[in-house]
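My questions all concern the structure below.
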Amino acid sequence: MHAGVEGGDEEIVAAVVSGALPSHHLESRLGDCRRAARLRREALRRVSGRGVEGLPFDGMDYQAILGQCCEMPVGYVQVPVGVAGPLLLDGRQYHVPMATTEGCLVASVNRGCRAIAASGGAVSVLLRDAMSRAPVVKLPSAKRAAELKSFVEAAANFETLASVFKRSSRFGRLQGIHCALAGRNLYIRFTCSTGDAMGMNMVSKGVENVLGYLQNDFPDMDLISLSGNYCSDKKPTAVNWIEGRGKSVVCEATIKGGVVQSVLKTTVQKLVELNIIKNLTGSAVAGALGGFNAHASNIVTALFIATGQDPAQNVESSQCITMLEAVNDGDDLHISVTMPSIEVGTIGGGTCLASQASCLNLLGVRGPNGDSPGANAKLLATIVAGSVLAGELSLLGALAAGQLVNSHLKYNRSNKDVASAAS
Amino acid sequence: MHAGVEGGDEEIVAAVVSGALPSHHLESRLGDCRRAARLRREALRRVSGRGVEGLPFDGMDYQAILGQCCEMPVGYVQVPVGVAGPLLLDGRQYHVPMATTEGCLVASVNRGCRAIAASGGAVSVLLRDAMSRAPVVKLPSAKRAAELKSFVEAAANFETLASVFKRSSRFGRLQGIHCALAGRNLYIRFTCSTGDAMGMNMVSKGVENVLGYLQNDFPDMDLISLSGNYCSDKKPTAVNWIEGRGKSVVCEATIKGGVVQSVLKTTVQKLVELNIIKNLTGSAVAGALGGFNAHASNIVTALFIATGQDPAQNVESSQCITMLEAVNDGDDLHISVTMPSIEVGTIGGGTCLASQASCLNLLGVRGPNGDSPGANAKLLATIVAGSVLAGELSLLGALAAGQLVNSHLKYNRSNKDVASAAS
Amino acid sequence: MHAGVEGGDEEIVAAVVSGALPSHHLESRLGDCRRAARLRREALRRVSGRGVEGLPFDGMDYQAILGQCCEMPVGYVQVPVGVAGPLLLDGRQYHVPMATTEGCLVASVNRGCRAIAASGGAVSVLLRDAMSRAPVVKLPSAKRAAELKSFVEAAANFETLASVFKRSSRFGRLQGIHCALAGRNLYIRFTCSTGDAMGMNMVSKGVENVLGYLQNDFPDMDLISLSGNYCSDKKPTAVNWIEGRGKSVVCEATIKGGVVQSVLKTTVQKLVELNIIKNLTGSAVAGALGGFNAHASNIVTALFIATGQDPAQNVESSQCITMLEAVNDGDDLHISVTMPSIEVGTIGGGTCLASQASCLNLLGVRGPNGDSPGANAKLLATIVAGSVLAGELSLLGALAAGQLVNSHLKYNRSNKDVASAAS
Amino acid sequence: MHAGVEGGDEEIVAAVVSGALPSHHLESRLGDCRRAARLRREALRRVSGRGVEGLPFDGMDYQAILGQCCEMPVGYVQVPVGVAGPLLLDGRQYHVPMATTEGCLVASVNRGCRAIAASGGAVSVLLRDAMSRAPVVKLPSAKRAAELKSFVEAAANFETLASVFKRSSRFGRLQGIHCALAGRNLYIRFTCSTGDAMGMNMVSKGVENVLGYLQNDFPDMDLISLSGNYCSDKKPTAVNWIEGRGKSVVCEATIKGGVVQSVLKTTVQKLVELNIIKNLTGSAVAGALGGFNAHASNIVTALFIATGQDPAQNVESSQCITMLEAVNDGDDLHISVTMPSIEVGTIGGGTCLASQASCLNLLGVRGPNGDSPGANAKLLATIVAGSVLAGELSLLGALAAGQLVNSHLKYNRSNKDVASAAS
């Protein structure tokens, strides 16, 4: 698994070590990405005195990640992929790949999937599909900023702005513009549909188009930043929780009372009470923002890593409110998860890498959807929500049943799961 | 890279496919983790009709992840690791491994490291080290819940509770107990130091000890959940932002004006203004909770995946307020990041896997610190903060300089970086 | 100031004391509001053994408050009214009545007004005018709730819903409908313009109309509550901060450097730094929601009480972000306040009472605006923002100058103002 | 009710009108507060062209408010006081004075009191009593700020700092110091008990003492502001919600099923469901911060105005989570309100005014408690919570019963209450 330095490489490594050749110039200098990574790795070993023994090197396409996924590569980490399910969602079965190092997580989601399937499956609805980007511009006065706000929010100007926005992309279609003011600074939140891409790039380019256009009518507009944090990307913010970002999805299932007992080893009433006291009240007391769930972040993150999404976006993608209530005269359990900001795509970014693409393929959502652009990304978002539903159901069941000690004895020799499962 | 089905396996695969043998029983049934994973993979191929072609299988120790990291494994995803730096922090140099599929990220942190090094390095301070777990219990009345609150918060009882807490661990030392009430439900937030482990398991076991002890004096105490979401794990909550969770770290550097110009291609004044309008005001307008930064989550996540941390915890671990101001008569730039909830460990969980352990080794923080238990985990937390500092500096520089279009042309053929860089 | 019990009253008082005649039936029983209040007061004296000696009784029209402002009255409290100003706003002068018992507050706003006037006045812009009410309904499933969401948010249905909404009022005009889901519960936030009334009643009645109408198409819709807290009234919520409630106003002024020195006794640079560290950063660290200001609530509350608004609404009406920056090469100070949720009216509620109406009259906004319905309420909102601007400027000046000790010696023998001024 | 200008006054009024004599100098110039207010009023009439006809003048002690409650007074507004109750709380009966102009409010609280009394009364517990003030200081570096943090938080230094803190007051006793950092800015949150005063002044003076003391050991400490917004006063912040400010109180009652039906006209089950969907879930969806209630702000504000508290503080004083659950096999209702930040006092500020003092007297909490300093303020806090409990119970009952239309027909000719009641 190691990358040896072959004949003729020595000089180059020495140049990197001495600083004569910056490490990040290796790819362009050598014209061979794999060799560049290999020599960088050797240089790192010498400079650091430690190197990365044990970090796999072979088996990845270094050309593919150049400029796309990762700069200055020296190898890769392996994240184990377990498969939970099948998840019975909207009448179809999905085998859910989860890349994780957290013990008990796949097992837990798997159990949730079993309870769902035994109850006839889960149903999802996609409520909204719109990526956002909010540049901030400064005007000479708040009055003037208000004029620009009026201009971009005016219904009469929407068609024009939408056509300017669309110049750079086949798929990015402007959906709306919503502004916030702070004195003379104007935050303009553009939202657009983005086909099968997660879409940050698409919306950013569209925004650049519009800003250029606006500059004509508002020459006194000063662009402070292409992102003014009102987007909001990778920060827990209310604007995403209220307005949504990416795909907004709700997913629900009715779990039969018998299944609650046989699979989850607890009762409907205990689960309902637990959800009120932990996920609603406990999070309220903790001052949560969109965090009214047990462990949505676990499932979101594992699916994101497996399928080449941006796991840094789980900050908002895992915003979720989990609701449980007794139905059918208290016999059965209705459970739902509402997730306003699932940011996923099936093209671009890490989805191109072979291992990640294979996980997308397992779910039947690899690449662009030719028939219905955007359908793959939307389907992936519902699978995320469905998997979160399974995960919530199972962990709440374990907590309500007081099973944690047992589950830990069974699954996790280092006991990490007791802690994790109680998230 | 595929795992073929060898002679004698056919029967087992067929049993899994038919449902006669549950997939998650394979490991215990076969007594051979690798074989179990291989046969599961084949069964998955047949059941799903898709399989995971392209997902690497060989080269991972399936025995090592059993019950520890991942259930029902069928292979692993490869996440490319780039190395940024060296980061000059507290007088030492670190080569920072980042596992990411986001273009431009490693390059950006690398540039930040250069600016920091050229200015004499960054300095960090660890303010606090305490993992938390907050079970919720219900008492017959709020009055009674208040009595339990008084009991566990009383200084006079601390020594007793601390010794009960400590029974299950050499390293978990109780630091404090802070309660919140919602009517007759009591959320008891225990905090403890956890050596070189991230510590969720340690604190959970200590909590179980104490709850058992309390049951004697408060027989009317009903345990609702080992976690009442006031902990708070993997949810964006105010309690973590205010009280901290894991390691609380502040990291700072003074960047020389000349370096701002030569490396970041902008000015001190522009950077300061940008930070106020984007990271402070923009996030305030967006209703952020601890999200007063440009893209801390990017760096935290990449380091977490590389070093075997729990990336689902980046929700709170990336809480960060970035401050910039002009110093030395406006010539130089003072920059800091304050991060109250960095949850990291160097033992347990994903840190045990070979590739992740090699990244910890590169940083000199692999495994437990024999001389000073906890020192490795603390050091790792400061490296996370230092890397965030570098990342913030560089992205703010790019935004202030309006470089995004250029940087995207250079680094990212699919242009994803324009979007990402503007986080 | 006392209300004696006259001949013939004795029997009635005794009946109230004995419980034979419920106190709240006095008005309808006696047909004389003043007498009812007088006898209630005497009964209170006997029952409580304390009474309300010192609480003024005469001089208020008890008939006017019946069923409108206050039930079971026994007198009134006196809240002193000081007048600050003139506030030079949008080219006109306003003498601002403030009802308060907080020492230093009127003086502080007065000083701010002086600084503003000496710099040419302040300018305001009303960005939005829309009161909101959000009932919550439950549907049989989340899928069905999503269908109702689609229906009420569909552009094609807006005209119909707007005309149904409008049946009950001349002035309440539906502006928009924005829904949030939590599983199968749907929160439907209606916003409408409300003329010169604060408008909660108007929007509530319109909402009732629409709900009745929707019941036809959605017979499975179960009304849980006319208010589902997504409105949000009298609670600090992100939805108001992001979307606004009532009038959204921004107000700004450029304070000349000389005025900063002569009136505020400090410098532009100190003020700018103070605002960043206190109002932006300090509030961020405290986990504020819309509380990025020094003491907006003080001014909002005093104006609300003086002019008969609902002071319980200051929770959201005082949401405010205060921005300060140096302009004109650092010589002058640009200051602004952005307030998204100012809930005011000039008709209805407490605006009808004589003393409150006189304060509205002083501002030139008493009652409905005949020429341009809604213009009085809008003007009042801008005066609130302008007064907040003055208050922010002055308190920040005092803090920057370290004047608090002095101001307290001068104004407040009980020193309360030191505390208050430092809000 | 008017204040005529008597002989000899003309010259002074003319001087004020012309600007020769600043209005705020009248008191010191004339040495007669009543006359000063009278002449100011006349000058206002001339300058504004409107005056304050209808604003009462006589009957208030203008000497008493000088420098204490209000500057530049010209009269007072009358706020009607209704009396709800008796509230049966902790075994005693309280007649609750509410100063309000919101129709239905007193009636609603009154009904809640009836339901509570019929069920045996409410019980309250005071969990904490500590006013806070958090100055912000800047140090040369974050490292140095961390040193100051360590110093002030060190247990070994507490006694010394507490004795320095206490120099300025008999009652202000330091309870704790908790710091937050943002780079090199340090926010030091001091908490102290304050006897029967609300205590902002007391804690501020103690803080000044400590800052003076610290300056010796930390000469590089630069005081930016006596308040750094981490206190937090009059802003909705998480730090108050998590840590509390002023008095933290929980209040509970068990309402008999029969009473729910006869008094509230609804069922236990409906109330419980309503609370989950509106107060917990609806507020979660709205992004509430401590606003998990129906209309706590209404009751807090009315009691605050009646008893001379600072109504601008209702922003945080009305933070409240209301919990309802079925008990006794579903027959009865357990209801509680948990309020962490009730800021009240019975001395100082508006409590000195005659009308407000009479309301305090009605509750038996006027002035300082000689036997047990602080007992009056604490009792007042529990009465606030108890009244909120009654108000929550009644409004939730009205919403659950769908009574709003009826109640509005009965109580409120202008229908304002429909809107208000649905808060």
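Letters A, B, C and D mark the chains in the order given here, with residues in each chain numbered from 1 onward.
Operating definition for what follows: a residue touches a chain if its C-beta (ideal position, glycine included) is under 8 Å from a C-beta of that chain, and two chains touch if they have at least 3 such contacts.
Just so it is clear, the model here is predicted, and its values are computed rather than measured.
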Shared chain contacts [chain A and chain D, defined touch]: B, C
Chain A onto chain B, rotation angle from CA fit, given as a multiple of 5 degrees: 180
Winner on C-beta contact pairs when C-D is weighed against B-C: C-D
Rounded Å distance between chain C and chain D, as computed from the means of their C-alpha atoms: 16
Inter-chain centre distance, chain B versus chain D - centres from mean C-alpha coordinates, in Å: 40
Chain B and chain C, separation of their C-alpha mean positions in angstrom: 43
Multi-partner residues of chain B (each touching 2 or more other chains): 180, 182, 185, 238-239, 241-242, 281, 283-290, 292, 321, 323
Of chain C, residues touching chain B in the complex: 238, 241-242, 276, 280-281, 283-290, 292, 321, 323
Chain A - residues contacting chain C, complex: 123, 125, 127, 141-143, 145-146, 149, 180-185, 238-239, 241-243, 250-252, 287, 289, 321, 323, 334, 336-338
